[in-house]
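Both complexes below contain subunit A, partnered by subunit B and then by subunit C.
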Partner chain A sequence: MDSESLLKYVQEEYSERIIGGEMVKGVPVFEVKPEKWVSLCGMLRDDSDTMMHSVSNYTAVDYREKHGGFKLVITIFSHILNHRLTLETLLPAKDDEIPEIETLATVWPTTIWFEREHAELFGIEFINHPDPRHLMLDDDWDEGYPMRRGWTGTDFVVKPDK
Partner chain B sequence: MSVKQLRTEEMLINMGPQHPSTHGVCKLVIKMDGEEVKYIQPHVGFLHRSIEKIAENRNYPQFVPYTDRIDYCASMNANHAYVVAAEKLGDVEIPERAEYLRVIMAELNRIASHLVWLATFTIDLGAVTPFLYAFREREDILDLFEMTCGQRLTYNYMTIGGVGWDIPKEFEPKLRQFLKIFPSRIDDYEDLLTNNPIFLHRTKGVGVLPKETAYEYSVSGPSLRGSGVKWDIRKAEPYSIYDKFDFDIPIGTEGDAWDRYKVRLQELRESAKIVEQAIDGLPGGDFKKKVPLTWKPPEGEVFCRIEAPRGEMAYHIISDGTPKPYRMKIRTASFCNLQVLPIIGVNHMIADLVAIFGSLDIILPEVDR
Partner chain C sequence: MGIISKLPAYMETIPGGGILTTTTEKLLNLSRASSLWYMLFGLACCAIEGLMATGASRYDFDRFGMIFRASPRQSDLMIVAGTLTHKMGKRLKVLYDQMPDPKYVIAMGGCANNGGPFYYDCYSVMKGVDKIVPVDIYIPGCPPRPESVLEACIQLQEKVKKEKMGKWSASTE
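Right after this comes the complex of A and B.
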């Protein structure tokens, strides 16, 4: 399916699960309701018209200042149909709050490591995660969540703007 | 000692973090039943430098040298992934000569990276000779890189807007000479290994990766193609000027270590084919377009992926209109490929685990970033 028809297809088929969809640099991007995040991903994987059985990238973004929370962004694609799309969901959080969301590990096992990384670096809790240990950081790390904007650790120095 | 006195309970052992066959700093906690592996838990993060955090505090052009350190065996491809994404973000058009030079360097680096893989993989299996042969050819490629950019490992060659330096006069004859002898050198490797009974015994049917598992763990690159999936981003979503070249995507059938070996050896030939076409068609003109250090891409985001030697390497860059990225996520192939090791590595002898780990071609700085 080409990008245009994919955008239209998902908007029509899954309209009650998404907030909006648009084309960004030739790729369809959808804003998903956080409570429908896992179910929509599962459906897109099993739908024979989308067949999104692989994850290209899965990331978290700290948008606390701009949108009042963290965004999870996942890019999924199909080897067989050769198309891809991006899903985003906003998890509201202020200051030191830790947002929660159901894990995607049940849909794509590859997200287990991605989510371990988001949990330790951004401070997002994934409910029912099968392996909630640290991935990159030490097990006894207690200096906060390094990838949050404005984090300053013991050795971390921000270069002044020129 | 009688048989009754032998201990029969499972044994937990640590393989690594400092272990020659983990190709970097990776710890595998393994549960063993005698010689058989029953459970594997990889521990990574020993090389974590938080490159993504560093990126948020650097200007876009300043970040290129950091990309070298993500995959030191294939720095050109790591450079390429970043500059393609940044240029897509800022809609930068680059001179055609630069595109050709990038493809030549990226494919040469793919060959060099596969040769390092071949060398270390065979060392893991106990064969020392192919190691020396593979490094002999890699040396020729490193010489070509050195005469172009002065570096042998971390090149910092590609820049946003083109490439850092043009190729010197002596580059082309040396490259042509290399391309002339290289196919016969690949035949040499194949003579040594492909039908070698010991090699077959160590790799055939070892570490079979079914297609479905590869899909759900997002395995990419030669490890995926070894399982019989015809998927190469250079063909599926052509970036740079890959749509101008004629090459094949080699695939395997069984998905075992031998198939992954065969796919990589075929890829050596295909990459040499691409380099030959690129050097034949190399146009004249500028090799870079000036991009200021305080280059500001417009507000927005981009996700761009390329086919690196180990698989899919992608950059997700979010710009807020300032000279520094708001967020940069680096997706690397080894990060996903390593996740299948606990699945395909169990119920094998521990010596086979070393072969499986080698056949997946994991590089740890890419996992940890």
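Right after this comes the complex of A and C.
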């Protein structure tokens, strides 16, 4: 399926689960409702017209100042049908709040490590995550979430010319 | 000539050879300096230059008596080659504590000296190996040339040769 028809297909078929969709540089990007995040991903995987079996990229962005929360961004790909799309969802959070969302590990097990990284670096809690240990930081790390904007730690040096 | 040229000593020639007199301290120090076995501690790209290229045939670490050991319990020297993170720092301290005295540390490259390119805006990298273990020689560079590593070893050998027997564990002072 080419990008335009994929955009149109997902917008018509899953209209009650997404807030909006647009084409960004040739890739369809959809804003998903947070409570429908896991169910939509599962449906896109099992749908015979999309067959999204592969996760290309899965990341989180700190948009607390711009949009009032964290965004989860996942790019999924179908090897069989050779198309890709990007899903985004906004998790509302202010200041030091820790947003919660259901884990995607039930849909794609490869997201377990991604979510471990998001949990320790951004402070997003994934409910029912099968392996909620730290991935990269030390086990007894207690200095907060380093990828959040404005974070500072004990050994942290800010570049002077900023 | 070997040992005679390196040891300040009194030599008396007798028919069929000679008698060499020196102090135990100098003889032992020369032996230690000429057999510094180093532990492999390659953490990043410096390991390619400092441990692999320098140890291979072109630069030939072995001619200084430097032989790599894979275990801290058999080594006198730790060459920390690469970026040390906070998480790895604890492991480095454990391995350093396992080395028998007298022990020496060479911090190789900018990352091991003071954090290097990761000094600013970095949450995970330790700003220098000397935050957790005492360092004898610092090698600047990113990464340093193998010649710099050889020079550092010569400097360390000079340091070892000057030590007093009672202060062999200089690194823990």
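Here, the second predicted complex is superposed on the first by the 159 of 162 C-alpha atoms of A that agree within 3 Å, B and C clash if a C-alpha of one lies under 4 Å from a C-alpha of the other, contacts with A are read in each partner's own complex, and residues count from 1 in each chain.
The definition used in the following text is that contacts are C-beta pairs under 8 Å (C-beta built on N, C-alpha and C of every residue); 3 or more make two chains touch, one makes a residue touch a chain.
A quick note: this is a predicted structure, and the numbers were derived from the prediction, not measured.
**Q** Hey, is it subunit B or subunit C that touches more of subunit A?
**A** B
**Q** Look at A:146 in the shared chain and tell me whether it touches subunit B only, subunit C only, both, or neither; answer first, second, both or neither.
**A** After superposition on chain A, A:146 lies in contact with both partners, subunit B and subunit C.
**Q** State whether A:33 touches subunit B only (first), subunit C only (second), both chains, or neither.
**A** Touch partners of A:33: none, neither subunit B nor subunit C.
**Q** State whether A:129 touches subunit B only (first), subunit C only (second), both chains, or neither.
**A** neither
**Q** So, A:137: does it touch subunit B (first), subunit C (second), both, or neither?
**A** In the superposed model, A:137 contacts both subunit B and subunit C.
**Q** A:56 in the overlay: touching subunit B, subunit C, both, or neither? Say first, second, both or neither.
**A** First partner only.
**Q** In the superposed arrangement, what residues of subunit A touch both subunit B and subunit C?
**A** Dual-contact residues (subunit A): 136-137, 146, 156, 158-159.
**Q** Residues of subunit A touching subunit B in their complex?
**A** The touching residues are 24-25, 27, 53-57, 59, 61-62, 73, 75, 79, 82, 86, 108-110, 112-113, 134-137, 146-147, 149, 156, 158-159, 162.
**Q** Once bound in the complex, which stretches of subunit C touch subunit A?
**A** 86-87, 90, 119-124, 126-127
**Q** For a test of understanding, state which residues of subunit B touch subunit A in their complex under the given definition.
**A** The contact residues of subunit B facing subunit A are 44-45, 48, 50, 52-53, 56-58, 88, 215-218, 229, 231, 236-237, 294, 300-303, 305, 312, 314, 316, 318, 326-327, 329, 331, 335-336, 339, 368.
**Q** Can you name the residues of subunit A that touch subunit C in the complex?
**A** Subunit A residues touching subunit C: 136-138, 141, 143, 146, 151, 153, 155-159.
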